[in-house]
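Both of the next two complexes hold subunit A, though its partner changes from subunit B to subunit C.
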Partner chain A sequence: MSNLFDLLVAGLATGAIYALVAVGFTLLWQTSQTINFAQGEFVMLPAFLMLAAMHVGAPFWLAIILGILLSMILLGLAFKLLLVDPMMRHGVLPLAIATMALAIGIKEAVKQFYSAEASPFPSVVPTGDISILGHAVSLQSIGVLVVAILAVLGLTTLLNRTSLGHQMQAAAQNPTVARIIGVPVERMILLTFLINAFLVALASLLITPIYLAKFSSGEVLGQAAFIAAIVGGFNQVRGAIAGGLLIGVLDNLAAAYVSTQYRAAVPMIFLIAVILFRPQGLLGRAEERTV
Partner chain B sequence: MSGFAKPLKIALGLAVIAALIIVPMNFNRYGLFILSQWAVMSIAAMGLNLTLGYAGQVSLAQGAFVGIGAYAAAIMTTHGWPLPAAIVVAIVLSFAVGWVLGYPALRVQHHYLAFVTLAFSTLAFLVFRNESWLTGGIYGISNIPRPHIFGLATNKPLPFYYVCLASLAIVSLAMWWLIRSPWGRAFMALRENPLRAQSLGIDTRRYTLMAFAIGSALGGVAGALYAPLTQYIDPVPFNLSLSLDLLMMVIVGGAGFYFGPFLGAMIAVLLPEWLRFTEGYYLMLYAVAVMLLLIWSPTGILGLLDRYLAERRTKAASALRAVAKSRLETAQ
Partner chain C sequence: MKPTLLVGALFTIMTATSAYAQAIKLADVAELSGGGATVGTNWKNGIDLAVEEINAKGGVLGRKLEVTHADSQSNPGVARAQVQKALDGEPYVLLGPGYSGSVKVTAPLAAEAGIAQIMGGEAAELTQQGNKYLFRTSFGQQSSMPKVAKYIHDEMKAKSVAVIWVNNDFGRGGRDVVIKELDRLGSKVVADLSTEAGQADFAADVGKIKAANPDAVFVYLNEEESARILKELKRQGVTVPLMGETTLIGQKVIELAGDAANGARGHVGLTTDAPVDLIKAFREKFSKKYNYVPDHNGLKGYLAVYMVKATTEKMGKVDPKKFADTLHGLTIKAADEPGILMDVTFSDTGDIDRQSFLVEVVEGKQVVKQVLPKVK
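After this line comes the complex of A and B, so read on.
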C-alpha cells in the first residue's frame, strides 16, 4: 500500500503540472482555435530564459521574474501578434502546422544559443522529505502540488467570479455577440495568450528541477498536456485540470504495474478510448455541429 | 495550373523528368542519397495528400505507415525474399491497418481525428522499439540488401536512385489516374460536403475508409523503399516527428494540389541541405522559412501560384470585357 500511496502522490504532482499546461492549451483553443503544437516547447523555453538571466548575474528570484516576463512577451504577445493573428482567419490546420515549425525553431534555437546538454536547474521548493500519515513524501511533490493548485484556483476564480473572466468567456463562446454587447474581444484573446504564457512559465519553473533543462524535454510534456486536454474535454478548463491529474496518475501507475516499456502506451490507449466513446471528453460538453 | 497552354505544360513536364534522370548522373553518393530520399518522401506525402488534401481526413500517422512498410521490407529482404514481394506485403499490410485506422474517422472529425492518429503513431513507435524479437528493438535491422532489377544489381547509389525515381513515376501515374476517376471525385465530394455527397448516393463510409487505406498503402510503399535506401533501420526515424514532417510537406506544398507533395518534400528534404552552409542554424532557418511561407500563403506554394493565376485570369477577362464593351459602344 505504501508503494501505491507514493505513486499516487508523485502522479498527482506531475499531473498538476500537466494540468497547468493543458489549461493553457484549452484556453488558446477556445478563444482563437489555435492548436498549439509548440506548447511543450513553450514549457521548455522559460527555464532557459531563467538560466540565461542567472548567467548574466541575476539572483534566482530576479531570474524567475525576468523569465516569466520574457515568456509573456515572447510566448504570449509576440506569438499572438506575429504568428496567430495573420493566420487565424485561414483555418485551423495551416496555423497548427506553423506551430509545428515554431516548435522546431524553438528547440533548435535553444540548442544553438544555449546548449545541447541537459542543465541542472535550482528548485524553488526545498528538497527533502516530510512524513505524512507515516509515509515519506518529498517536499518537492508537495510544493509542486500546492503551487499548481493555487494557480488553478486563481485562474478559475478569475474566469468565474470576476467581470474580466466573464468577458473572456463571452469572447470565447460567441465573439460576434460579445462584440455587440461591448466586450473588447481582441483584448480578451490577447489576455488568454498572456495567461497561457504565464502558466507555461510556471510549469517550467516547477518541472525543470525534476527533469533538468534540456532542449528536447518539451516533446514528451507537450504530448502529455495534449492528451490531458482531450481526455478531460477540449473546451473546458476544469476538464483540462481533471485530465492532467488523471494522466499524471495513470502514467505513474502504468510505469509501476504495466511495464516500463509500454508505459507510454497506456495514456494513448486511454486517449483513443475516450475519443471514440466520449469525444467531448470526460467533463466536456458536446460541440455543436454546423452543416 | 490551367493558366499554361497544354503543349507548354507537357514540355515543362518532360524537361523536369529529363533533368531528374540526367542531372544526378555525376552527383556524389550523398547527393544521390538526398535525392532518393526526396523521391521516397514524395511517395509518402502523396499518400497523405490523398487522405488529407483530397478526402479531407486529417492524419498524423503517415510516418507510422512508412515505418510499417520499412520494417516489412527489412524483415523480409534480410530473410531472402525479393524486394517486390516485400513491397506487395508492405502495401497489403499498410492498406489493412490504414483501413482499420479509418474507422475512428467515421465517428470523429478534424482535430479529434488528428489526435487518434497521433496516438496510433506513438503506439506503432512503441511496438517497433519494444518487440525486439521481430524488429530488433533499439538495435534495429542492419545489412538490408538492395534489389536486383531485371538481373541488374542496384547496390550503387545511382542505380538505386533510379529505382526510387521509377517507383515515384509509377505511383504518380497511378495517382493521376485515381484522382480523375469517379473515386477521386467521390473523395473530393467527401472533403467539400460529406452530407451532400451522401445524399447523392456516395457511400461516404466506404470512401472514408478507402481514403485512409490507399493513403496509408502509399506510406507503406515509401517505407519499403526507405529500408533498402538506408540499408539500416531503427525505430527513431519513424517516431511522431516523421508524421508531423509529412503533414508539413503536404500543407507547405499545397494540400489538394497534385504537385503539392513533390514541392513539399523538396522543401522538407532539400531546403535543410541547402541551408547546411549556415551550420548550426540550418534547421532554425528552415523553421522560420516554413512559418513565413505559411503566413504569406496558408494554402502552400501551389495555393500561392493558383491565386496568382486566378488573379491574372480575372484581369485578362475584365480587360476583354472592357474591349468588348467599347466596341459595342462604338457600334452604337
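After this line comes the complex of A and C, so read on.
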C-alpha cells in the first residue's frame, strides 16, 4: 500500500524530531534528576532566536549558528545556573513545577515580544522529492531523518566511545563514586545541559519550517517528547530514540486509520498501557528507576 | 497658589468628563492571541484605522468614536466573558468576535442587552437563529459555498472532490453546505476529512487525499492550518487543483506557505487585491500605518466601523436601541459613504449582499480572475 509507505516515512521524520527532544529529556533526568516540562518551549524558542538574528540582517546560515549558540547559553547554561541549581536542593517536584512555570514564561514572553501570530521559517532542506522503491519521498522528510540520525549517532558515539562520554555516564550513574575517582561531576552535568540545548535547537531548526514558528508550538512537541521518553524508558538514551520514532509513526497511523479527532488520544492510550504493563519503558532498565 | 491648582484640576476633570460623555463608545472583542491571532489582529487594526479616520474628520454626528479592545484568546469561553464585560460598559455597538464559535456563544448576550453586534463570523447558522441584533461584515457560508461548488463543478470540471475541513463551527458549517451543493451538481465527494483546529501535522491527512485521488481538493481550514496543509500538499507532491475560500488564499497564508500557495484558488467576499479603487486606497493607508498588507479581516474590521457611521447618520441620532432596526434592509452606497468601499445591502437576518471575487495565487500574489456580481 503506497499510502502506508508515505505514512511511515512522514511518521519516522516527525518521530526523529520527537526522538531528539526526548533524548534531551532523558539526559537531563539521568544526570541531574531534572524533569524539564519546558522542553517543548525549549524547541520553540531557538526558531525565534534565529528569526530575530535574521531580522537584524544576519544571513540564514549565520542565524542558525547564532541561534544554536544563544540557545546553548540561555537554555543550557542560564537554565542550569539560574533555575535548576537553586531549585534542586528543594527536591525533584519543586524543580519540575519550576520548569512548568518557565514554560509559561517563555511562551508568554515570545507572544509579548515577538507576536502571537505564526511566522514562516526557511527550510534547511530544499523542497522537492526523490524516488525510493518507486515511491516519491519528499527531500524534507529525508533531510529531517538524516540530520536527526546523525545527531543521535554523534551523541551515542560521544557517550560510549570517548573518555568524556564515559565520565558523563559515571557522573549520571553514581555521582559519589565518580567524584572519588576524579570525574568533574558538576562540569559533566553542565555538559549534558549544553547538549540538551544543542539538541532542542536542532529539533527547532528541523520542525519549524513544517509547523511554522509560533509561541504555542512547543506544547504539542513537549507532550509528544515526554510520552516518547516514558514509553521508551526514561533512563535510556536508546529508549528515548525508539520511543520518539514509535510515537511519530503511531501518531500518523492513528490520524490516517483511526480518526483525526482521536489521533492525540492514541499515543496517550499507548502510554497508559506501557505504564501499566511495563513501567520501566520498552527499553528501560527497571533497577535504575528512582521514581 | 493652592486654590488655583485645585480649580485647574477640577477644570481638567470636568472637560475630560464632558469629552468622555460625548464620545460614542464601541467595544471590540477579538482573537488577539491564540489560533485566531491573524484574524483578530487584522480586524483590530482595521477598526483602529477607521476610527482614526472618522475622528480626524470630526467624528459621527459631531461626536468622537472611542473603541476598547479585549482579547478572546480565540477561545469561545473567554470570548463570552469578555463580551459580558464589554456589555457591562454599555457600548453603543459591539464589534467582533471573528470566530464563528465565539460569535455563537456571545450573540445571545448582546441580543439580551439589546446591543447590535457587528461580527466577522461566517458560519451559516449564525444568522439563521432569529437573532435581531447580529450583523455580518462578510458573506455567510450559505451565500459563498454555492458559488464555490458551482466553480468546482463548472470551471474546474471536477467529477470527484476531496473535502478537508476544520472541526469547529466555521468548518462544519462550510463543509455541510458545500457537500450538499456538490452532490446537487453531480460532483462526487470521494474524501470527507475533518482536522483539528491548531493541528500542526498534516502528513496523514494529505496521505488520505492522495489515496482518494480526486480531481480537485476543497480546503476549508483556518489560516495557519491552511498554510501548513499547503506546504504538506507540496511536500507530498499533490498537484490537483486546490479550491478554497478566503482562508486558503489570504495574505497571511501566502506569507506563511510561501511558494506552496501558488496555484491555489478561492472565492473571496473581500480582498485587498480587488480591482476597486476605494479598496486599493484602503490597502495603501493600512499598509502605510501598520507596515504589512492586510487580509480580508482588516477590511472587515474597517467596514464594521463604517457600518456604524452610515447607520447612525441615517438615523440622525445616536440611539443604540434603534440601531439594529435601521441597519436591517439598509443599502449603503460607496458613492455616499466611501468608507463602505463597495455597495452593500443588509437583509432582515443581518446577512449581506455584495459583489465578490474569484482569486488565484500567482507567484505569491492574489490575482482576481473573475468578479461575481451582487445577487440582487
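Of note:
Here, the second predicted complex is superposed on the first by the 286 of 291 C-alpha atoms of A that agree within 3 Å, B and C clash if a C-alpha of one lies under 4 Å from a C-alpha of the other, contacts with A are read in each partner's own complex, and residues count from 1 in each chain.
The rule is simple: a residue touches a chain if its C-beta (ideal position, glycine included) is under 8 Å from a C-beta of that chain, and two chains touch if they have at least 3 such contacts.
Remember, it's a predicted structure, so these values are computed and weren't measured experimentally.
Superposition model on subunit A: subunit B and subunit C are shown accommodated side by side without a clash. Contact with subunit B, but none with subunit C, is seen for A:271 once the two complexes are overlaid on the shared chain. In the superposition on chain A, A:154 makes contact with neither subunit B nor subunit C. Rounded to the nearest 10, the angle made at the CA centre of subunit A by the CA centres of subunit B and subunit C in the overlaid structures is 70 degrees. By the touch criterion defined above, A:184 reaches neither subunit B nor subunit C.
Looking at the shared chain after the overlay, A:101 reaches subunit B, while subunit C stays out of its contact range. Applying the stated contact rule after C-alpha superposition, one finds that A:261 touches each of subunit B and subunit C. Between subunit B and subunit C the least C-alpha distance in the superposed model amounts to 6 Å.
Contacts of subunit A with subunit B, set against its contacts with subunit C after fitting on chain A, overlap at residues 111, 261, 264.
Within the complex formed with subunit C, the residues of subunit A that make contact are 2-3, 6-7, 10-11, 14, 111, 115-120, 127, 129, 136, 138, 140-141, 209-212, 214, 216-217, 220, 251-256, 259-261, 263-264. Partner subunit A is touched in their complex by these residues of subunit B: 58, 104, 107-108, 110-112, 114-116, 118-120, 122-123, 126, 129-130, 195, 240, 244, 247-248, 251-252, 255, 280-281, 283-284, 286-288, 290-291, 294-295, 298-299. Of all residues in subunit A, those touching subunit B in their complex are 35, 37, 83, 86-87, 90-98, 100-102, 104-105, 108-109, 111-112, 223, 226-227, 230, 234, 261-262, 264-265, 268-269, 271-272, 275-276, 279, 291. Subunit C meets subunit A in the complex at residues 32-34, 37-38, 41, 167, 193-196, 198-201, 203-205, 207-208, 210-211, 224, 227-228, 231-232, 234-237, 252, 255-258, 260.
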